[in-house]
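Input: a single structure, listed below in C-alpha cells.
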Amino acid sequence: MKRFFCCLLILGIFLGFAPAFGEDTIKIGALFSVTGPASFLGEPEKNTALMLQEQINARGGVLGKKIEIVIYDDETDVNKAVLAADKLLKRDNVIAVVGPTTSGNTFAIEEKFEKANIPLISCAAAEKIVKPVKKWIFKTPQSDRYAAIKILKHIKERKFSKIAIITVSDGFGQAGREVLKEVAPTLGLEIVADEVYGPKDTDMTAQLTKIKNTPAQAIVCWGTNPGPAVIAKNRVQLGIQTPLYMSHGVASPKFIELSGSASEGILLPAGRLIVADEIPDKHPQKPVLVKYIKDYETKFKSPISTFGGHAWDAIMLVVKAIEMGRSAKPADIRANLEKIRNFVGTGGVFNFSPEDHNGLDERAFEMVVIQKGDWKLVK
Amino acid sequence: MELASYFQLLLSGITVGSIYGLTALGFTIIFNTTGIINFAQGEFVMLGGMLAVFALKGFKLGVLPSIFISVVVTTIIGAAIERITIRPVRGGAVLNLIIATIGVSIFIRGVIMFVFGKDTYGFPQFTGDIPLTFWGVAIMPQSLWVIAVTVLLLLWLFFFFKKTIFGKAMLACSHDRKASYLVGISVNKMVLASFAISALVGAIGGAILTPITLTSYDVGIMLGLKGFSACIIGGLGNPFGAAFGGIILGILESFGAGLISSAYKDAFAFFILLVLLFFRPTGLLGLSKIERV
Amino acid sequence: MSGFKKDGLSVFCFVLLLLAVPFFLTNVYYINTLTLSAIHAIIAVGLNLLMGYAGQVSLGHAAFYGIAAYTSAILTTTYGLPIPLGMVIGILLSGFIAYIIGIPTLKLKGHYLAMATLGFGVIVYIFFNETIELTGGPSGFRGVPRLALFGFTFESDLSYYYLTSLTLAFIIVLSLNLINSRIGRALKAIHTSETAAQVFGIPIAKYKLFVFVISALYAGLAGVLYVHNLSFVAPSSFGFNFSVELVTMVVLGGMARIWGSVIGAFFLTILPEFLRFFENIEIMLYGAILIVFIIFMPEGIAGSIVKIFAAWRARKSDV
C-alpha cells in the first residue's frame, strides 16, 4: 500500500516541474534535423536560425517586439518530428513553424498544421509538399522536379540516351525516383537500370555491379549523405567510368569530405550559394549571398551549405509576411506569404501565389561540378 | 550477369564476411571461457573504428598509430567491462547476465554517441584507393588487407590457444571450470583475459574495415547480431566454425543483395539465424553446447 | 490486510490518482505524456510477466507493439474497416505471431532465446521499413483515424487519457489476478527451478508459451491504443532501441513486481520531458540504469521500496 503513496510522491514531483513560458515575444517555431543522418542539413539550419534571431532582435525585432525562435531537434526521426510538432503547436503556441529539414518528416506533420491553422514553411525539397497546394504548407528549397529536369537536360545535351538511376529508400529518394521516371521519357531518355539502397547501407557495390552490366551512359544518384558518398567511392573502386550525377541533396561540404577524391568530376544542380564567388555582381542574388556567407562563416567558423540558406529564406519570409500585414497572427502571416513577389533569397528569387507555395523554378538552380574538392560552375 | 560480376559479389562478400568472422571469434572466445554470450561484442568492433577515427582526426596521428591506439584502448575497455560489470553478476541468473551485457553494450554506444555525435566517419585506405583489376573484377587494396589481417589473426589465435600455456589454460577453463581451478588456474584471470582478447580481435576487425564501410556510433548492433549468426552457422564454441560462419554469412548476404533484393539484405542474416536456432542450433559444423528445454 | 484486499485498495488508489492528476497539470500538453506513459506501462506489465515471473527474456517486444499498431492502422485506413474490428484483429495478430514464433523460440534457453527474440524484432522492423506499398516505409503511415468506440470518438486528449489509464488499471487487475492464481504459482515455480517444476508435472513449455502470448497481447493492446492516438505510425518507434527501453522499464521498476513496471514505465516516459539535454544522454542513461540496477538493485525501485518498508516495520515491531 505504501508503495502507492510513494508513486504518488514521485509522480507529483515530476509534474510539479512543468516549466512556465509566456512573455511578450513573437514565437516562431523551428524543427530541424540537427542530429542524425540529416545533421549536415539541419545543423546549418539551426545555426542560421540562431544567427537571424540575434540579428533581428539587435535591430529592434519585428513590429517592435523581440522574436524568439523555439528550436527542436527531430534527430532525423519521423516519430520525434511528430512529437516535436505537437509540442510546438500545443505547448509552445508558436505563430508559425520553419522546417522540418527532411521531406519525410514534413509529410508526417503536415496535417497537424492544416488542422491547427498555423503556417508551416518547410526546408525540405520534395515537390509533393506543395503540389497539390495545401493552404497552410509552404516550402523554400527548390523542387526536386526542377533539379531532375536540370540534370536530365544536361545529360541530353551530351547526346546520351540511356541512363541508370540509383535512389535511396526514404521520402526524399523515392520522391526523386518518381520524378526522374516521369521526366526522363519526356526528354527521350531511357532508364535502363533502377536500383534502390537503404539509408544506412554501407556498401552499394552490388547495385553498381548490376548497373555496370547495362548500357547506361550516365548514372543519376538521388539521396542525401552518407549514401551518395559511398556510391561515389564504390564507383571508383569498381573502375566505373560512366559519368555520375548527384541530386542537390549533397550540396554540402560534408559530401566532399566523405567521398574524398571520388568526388572529382561529379555533377549536380545546386543553388547559387555554393558558387557565390562565380556569380556576376549584377545578379540580384549576389548581395544577399555574399552577406549571408560572410555573416555565417564569421560567426560559426565553418563553410556555408545551401541548406542553411533554406532556413534563412524561410525565416526571412515569415518576417516579411509579418511586416507586410503588420500582424503576427497565423492567418495573416499565411495570407501575406501568398502575396510575396520578387523576394531575393539565397535559394533564388521567390514569387508566391495561392497556387504556388514554393515560389521558385528551374532558374533557381545552377549546374555545378566538383573539381579538386571545390564547387565550380559548369559553363 | 557476367562471370566477373559474380566474382565481384563473392569478393565483397568475403571482405565483409571476414569481419563477421572476427566478431564471431570474439563471441566464441568469451563463450568458451565463461559460457557467457557477450552482447557488447559488436560494440568492440565499433570502438575499433570510431576510436581510430578520433585518434586520426583529433590528434592528427597517422593511420597505423591511430589504429594501434584504438585497439589498445578497446582492449583495456574490454578488460574493464569484465571487472566492473560482469564479475559481480557472474554467478547469478542467466537473465541478469544477459541484461548486464546488454546494459554495457548500450552504455558504450550511448557514450560514443554523446561524445562523437551520430555522424558517419571514415578514414583513408591503408595503401590508397586505386583498385586492382584483373579479369574484369575490381579489388580494393583494403579488401586484401582485411583478408590478410583476418588470416593472420586466426593463425595467431590458433598458435596462442594450442601452443602457449596461457592459451591452453583458457581452453582448460572452457572445458571444465572447476577442474581448472583445482589445478591452480586462476579462473578470474582467464575470464579477464578472454574479454581482453575478444575486445582486441573485435577492435582490429572494426578498424581495418572502416576505410571500406565507414563507421558510426550504432554500427555495433548489426555487427554483433551478424557475428552471433556467424557463430551459430559454424557451431557455437568452435573458433574455426566462427570464422567460417562469418565468411559464409558475408557471401550469402552479398549474393542475396546482388541477385535477389538489396532492400532486405540485413534481414538475410537474421532469417538464417532464426532458422538455424530453431532447426539446427548445433550449426553446420556441429560442436555446440546449446541447451534445450 | 489480506493480499487480495491490499491489491484491491492499491488499484483503487491508483485509479483515483490517475483521474485526479489532469487537474494539477500546468499545461494541457502534458496529458499526452501521461497517456503515452500509460500505454508504455501496459506493455511493461506484460513484459514483466514474461521476464520477472516466467524468467524468460525478450529483446524484440517492440515488434508485437508494432505489428498490432500497423495492422490496425492499415485495416482502418487503407481498407476502411471499423475501428474496433481493426484493433481486435491487430491485437490477435500480435498474439498469433507470438504463438507461432514462441513454439520454436521458447525451446531455447538463456542467451539463445535473447538472440532469437532480438533477431525476430529486427526482421519485423526491416519488414515495416521495406514493404513500402503496405506500410509507407520509413516515412511512416499517416491518416489513421482517431479511436472511436460505439459511436463515441475520443477526440480530446483528456478523454483519450482517461480511456488509456482506465485500460491500464484493468490490465493491472487482470495481471494481479493471474499472478495469484494457479498459473501464477506455476510460473514462479518455473522461474525458480525448471527441473523441480518438471518433477512436479508442470508442463513448462505450455506455460512459457502462454505467458509469451499474453505479453504479446498486452503489447498489441498498447499498440492499437498508440496508433489511434497519434494517427501516425513509423518503423522507428518499433526498433531495437524501444525494445531495450521496455526491458529497462521492467528492470528499473522491479522484475516480478507489477506495480514496478508501472513505475518504471511512467518514470522513463516522463523523464525526457524534463531533461532538455535528454536526447544526448538517453542511450547512455538506459545503459547505465540497466547496469547499475542489475548489479546493485535487481529488485528494482518497487522491490527496494518494499524492502525498505519491510525493514522499517520489522524494526518498529522490535521495540
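Should a chain be cited, it is by its letter among A, B and C, assigned in written order, with residues numbered from 1 in that chain.
The rule we apply is simple: contacts are C-beta pairs under 8 Å (C-beta built on N, C-alpha and C of every residue); 3 or more make two chains touch, one makes a residue touch a chain.
Every value quoted in this text rests on a predicted model; they were computed, and no experiment measured them.
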Among line, ring, star, complete and other, the chain touch graph is complete
Of all other chains, the one whose Cα centre sits farthest from chain C: A
If you tally C-beta contacts per chain pair, the winner is B-C
Length of the line joining the C-alpha centres of chain A and chain C, rounded to whole Å: 37
Return the distance between the CA-based centres of chain B and chain C, expressed in whole Å. 33
Where in chain A do residues touch two or more of the other chains? 35, 75, 169, 198
Multi-chain touching residues of chain C, meaning two or more other chains, are 130
Counting only residues that touch at least 2 other chains, which ones in chain B make the list? 263, 266
Can you name the residues of chain C that touch chain B in the complex? 51, 55-57, 59, 104-112, 114-116, 118-120, 122-123, 126-127, 130, 194, 204-205, 208, 240, 244, 247, 251, 280-291, 294-295, 298
Taking the complex as given, what residues does chain B use to touch chain A? 1-2, 5, 8-9, 12, 16, 117-120, 122, 124, 129, 131, 133, 138, 140, 212-214, 219, 254, 257-258, 262-263, 265-266
Under the stated contact criterion, what part of chain A meets chain B in this complex? 35-37, 39-40, 75, 169, 195-198, 201-207, 209-210, 212-213, 225-226, 229-230, 233, 236-239, 258, 260-262
Chain A touches which residues of chain C in the complex? 1, 6, 9-10, 13-14, 17, 21, 24-30, 32, 129-130, 132, 137-140, 142-143, 230-232, 234, 236-237, 259, 262-263, 266-267, 270-271, 274, 279, 302, 305-306, 309
In the complex with chain C, residue positions of chain B that touch it: 36-37, 39, 85, 88-89, 93-96, 98-100, 102-111, 113-114, 221, 225, 228-229, 263-264, 266-267, 270-271, 273-274, 277-279, 281, 290-293
